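Two complexes follow with subunit A in common, the first pairing it with subunit B and the second with subunit C.
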Partner chain A sequence: MEQLLIKIGQNFFLIFGVIALGGATTMIFAKNAVHSVMGFLLSMLAVAGCYLSFGAEFMGVAQLLVYAGGIVVLFLFVVMLVELSKAKEKGLFQRQTPFALALVLAGAVAFVGVFWKTLFGASAREALTLAPGLVAQGEKLGNAQMVSRGLFAEYLLPFEILSVILLVALVGAVVLAKAERV
Partner chain B sequence: MPAMNQVLLISFLLFSVGVAGVLIRRNALIILMCAELMLNAANINLIAFARHSGTVAGQAFALMVMGLAAAEVAIGLAIVVALYRKKNSISVDEINLLKG
Partner chain C sequence: MPFAQSLLESLTRDLPFLYGPLFLILAATLMIWPGDLFVGRNNKRIWSYVAFLVLAGGGTLALLAPTGTGFSDMFKVDGLTKGFQFLCVVAGLITIVLSQPQLNALREQTVEYYALILFSISGMMLLVGATDLVSMYFSLELMALCIYILVAYLRTQERSIEAGLKYFLLGAFSSGILLYGISLLFAATGGTTTNLAKLNEELALVSPNGSLMVFAGSLMVLVGFAFKVAGVPFHMWSPDAYEGAPTPITAFMSMAPKAAALGAFVRVFGTGLHGVSSEWVLPLSFIAGASMVLGNVTALRQQSMKRLLAYSSIAHVGYMLLGVLSGDVQAGAQAIWLYMLTYLAMQSGAFAVIICLQGKGEGERIEDLRGLATRQPVLAFTMMVFMLSLAGIPPLLGFFSKFYLFKLAIEQGFVALTVLALLTSAVAAYYYLNVVATMYFKEPVEVEGEVPPLSTTFTFILTASCALILVGTFFGPKLLDWTARIVLG
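Right, the complex of A and B next:
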């Protein structure tokens, strides 16, 4: 039992990654758009688990709040707002579906082929470890504090630009979605 | 900690699924969701390598990618709603307003 738990703990990332892949596959192949959104939700929750397995607690919680809490609800809202019965009659998938899937599969095979040594060689099996100099600092500060140092000290300008982008997107969304006559 | 090859492989596969979704679906909403999925696959790499290099830059930029993704969703959904008002459909095959 203990062995099993240790094994699960070691493969935390792999388990969540496979769950995320399952959710994503459900998302692109589901016939019902609501099921697609549910697959997306599962995928986003699993990606949050992946972030936790990297020791990035702040990013994991932000992922839960932003994606599972905000974006999925927005998507669900629009899916239910838009009537999709017409789309069903005309077919859910494009005509080029088999070619597109074959292309993506070929791309995946090419990726694994090119990076075979990188992916499965001896050097690739070493774990992603924290750099030794930063272990002490990381333990002292905690993840959220480290991220906030990065955001508000080192990368303040990109952060401010991002806030302007969000404002523009907000105004743009209101203008786009507004009815024609005021 | 997960090994590097696991991280690269999983994030590449997630990205591939996103690309496949964009290529095969007709529904504009699902195409938007696939774009989000691709951004998340990139985020996994950013955070994993932030851990690897010991700097906080990867996590900070992953947070910025997340903010950009939120802006993208807001605009994308507004466009979808506007299109549905205009064309009564959100199938990308029927959106050819700019065709000469």
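Right, the complex of A and C next:
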């Protein structure tokens, strides 16, 4: 029993990953838009679990608050307010399904090939690893502190550009939705 | 607080690099709020003057910026940065002037229109200086997001909204591909760096296991960029977006974002992926060749002037990709810059003529130009100069920039592609000359009502572009060499 629990504890990432994939599949294939949003919620919660299983507690909590909390509610509002039955009647996005499926399959096969070779390739040298130095630094400093240093020191410029992007998105929403202009 | 202090120190050290774009962002924000509160409903035209001055000021600040690298190697000011920033600013200034007739006629003057143009240009300024894939990606998004909105700006017209939506969806999709490519490259280096110079070193050391990942990553980055510059086969959005957008924004789209994206294209593939060029030279050659062929051949059948210019701009991008292919980054950037500069003059001139004739957003078919030579001799003459120059007919400026580009391509060993470029240029001459023939040799159409007189700014743009192209006839090679040396160092 104890062995089993340890085994589960080691594979939290895989478990949450599978749940996230299941949620994403539900989101795409659900007929009812509300069910789609619920699938999205499940997927986001599971991704938060993935972050936690890596010991990235800051990212995990941020994921819960922002995605599972804020964005899902926003999506629900949109789904409830917008009439979606018209899009269904017109059969939008239906004609191209076979092509899309074929392309997705081809893409999936190609990428499985890429990752297969990268991870288990015949080469004698070690497989790819993500920066070990970064992990050690993270253990020393703590998670939230690492994120903040990344945001405000190393990645300051992209972070600030991102804030301008959000401003532009707000302005754009007003420009496109305002009833009267002049 | 050693950390905070070091942060402050590096910020004060690096900030001068960004005075230009920061000034634009600040001014645009202040224009929206609180500036707009003080301007009455009928005085919104004031914002065009303000935006023009702000943009000119921001451009000057950017050109005066010190050269160097800052923000943990994420932004670099050098000749390439300044040169392409200059192109984007000029394109923005021209767009603001060109916007006036249509916005006034449709009563659609708002502060947001100008603010979005300014935001977009600040994004372009950041984009051409980005030396890190992360800052490059975010600046690209800032630039593109503003343009999605501007394309759909006339939201009472169905085709404007359709164009905006198409552009937005495909743009978002291509950004996803670009981002995935970046993440693959990041993973292939062992998750150590996204900085272009370091990336180049790290990619050379990737184990054979990771080679496929490098290939997939660089291919996806290539696809992402090809979407942004509308290279075949990733061009599908561009004719629809060009046709549906308000005409001044079409002019803007065909000049500024293209210049910025090509500048970033050269930088990313010339520095970051230079070492692994064997992975992307063949796909990029295909994109360049296909753009030349498909752009020019499809342009033959177009009835709408805007669609014709859209397809011809796809073809021009195909030519400019020859510069990206060039192994010599500096020479490639220089050739692209010159090409873009002359293209700016010709394209802005052609759009100015279309906007003059267009009035309230109608009458943009080639047929509408019939007999323009008798109705409006001056306009017809300038249009002829622009068309001949776009076609690259020898003594005009467009010929010299093409010549430079093709010469470079031959020197770098892309002979087959250059021959293809020459052949397709000959095809292109047909549809450009067709426009000229329509203006000069077809029966004039009956025009209802008075043709509005040209405004002074319009006359200025037309004269300036036309003069630039004609002066190029005499000083062509020297002028180009000289400007390139000054701007690109």
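By our rule, the second predicted complex is superposed on the first by the 148 of 182 C-alpha atoms of A that agree within 3 Å, B and C clash if a C-alpha of one lies under 4 Å from a C-alpha of the other, contacts with A are read in each partner's own complex, and residues count from 1 in each chain.
Here is the rule we go by: a contact is a pair of C-beta atoms (placed from the backbone, for glycine too) under 8 Å apart; a residue touches a chain by one contact, two chains touch by 3 or more.
Owing to the predicted nature of the structure, the values given are computational and were not obtained by experimental measurement.
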item: Which of subunit B and subunit C A:157 touches, first, second, both or neither; value: second
item: First (subunit B), second (subunit C), both or neither touched by A:9; value: neither
item: Subunit B or subunit C, by number of subunit A residues touched; value: B
item: Partner chain in contact with A:20 - subunit B first, subunit C second, else both or neither; value: first
item: Contacts of A:117 with subunit B and subunit C, given as first, second, both or neither; value: second
item: Touched partner set for A:71, first subunit B, second subunit C, both or neither; value: first
item: Touching both subunit C and subunit B, counted on subunit A across the two superposed complexes; value: 111, 115, 118-119, 125-131, 134, 149, 154-155, 158, 162, 165, 168-169, 172, 174, 176
item: In the complex, subunit C residues that touch subunit A; value: 3, 6-7, 10-11, 25, 29, 32, 41-42, 44, 71-72, 74-75, 107-110, 112-113, 115-116, 119, 122-123, 126, 132, 134-135, 137-139, 141-142, 145-146, 148-149, 152-153, 155, 184, 187-188, 190-192, 207-210, 212-213, 216
item: Sites on subunit A touched by subunit B in the complex; value: 11-14, 17-18, 20-21, 24-25, 27-28, 33, 36-37, 40, 43-44, 47, 50-51, 53-56, 58-59, 62-63, 66-67, 70-71, 74-75, 78-79, 81-82, 84, 86-87, 90-94, 96-97, 100-101, 103-104, 107-108, 111-112, 115, 118-120, 124-131, 133-134, 138, 143, 146-147, 149-151, 154-155, 158-159, 162, 165-166, 168-170, 172-174, 176-177, 179-180
item: In the complex, subunit B residues that touch subunit A; value: 1-10, 12-14, 16-21, 23-27, 29-30, 32-34, 36-37, 40, 43-44, 47-57, 59-64, 66-75, 77-82, 84-85, 88-91, 93
item: Contact set on subunit A toward subunit C in their complex; value: 110-111, 113-115, 117-119, 121, 123, 125-131, 134, 149, 152-158, 161-162, 164-165, 167-169, 171-172, 174-176, 181-182
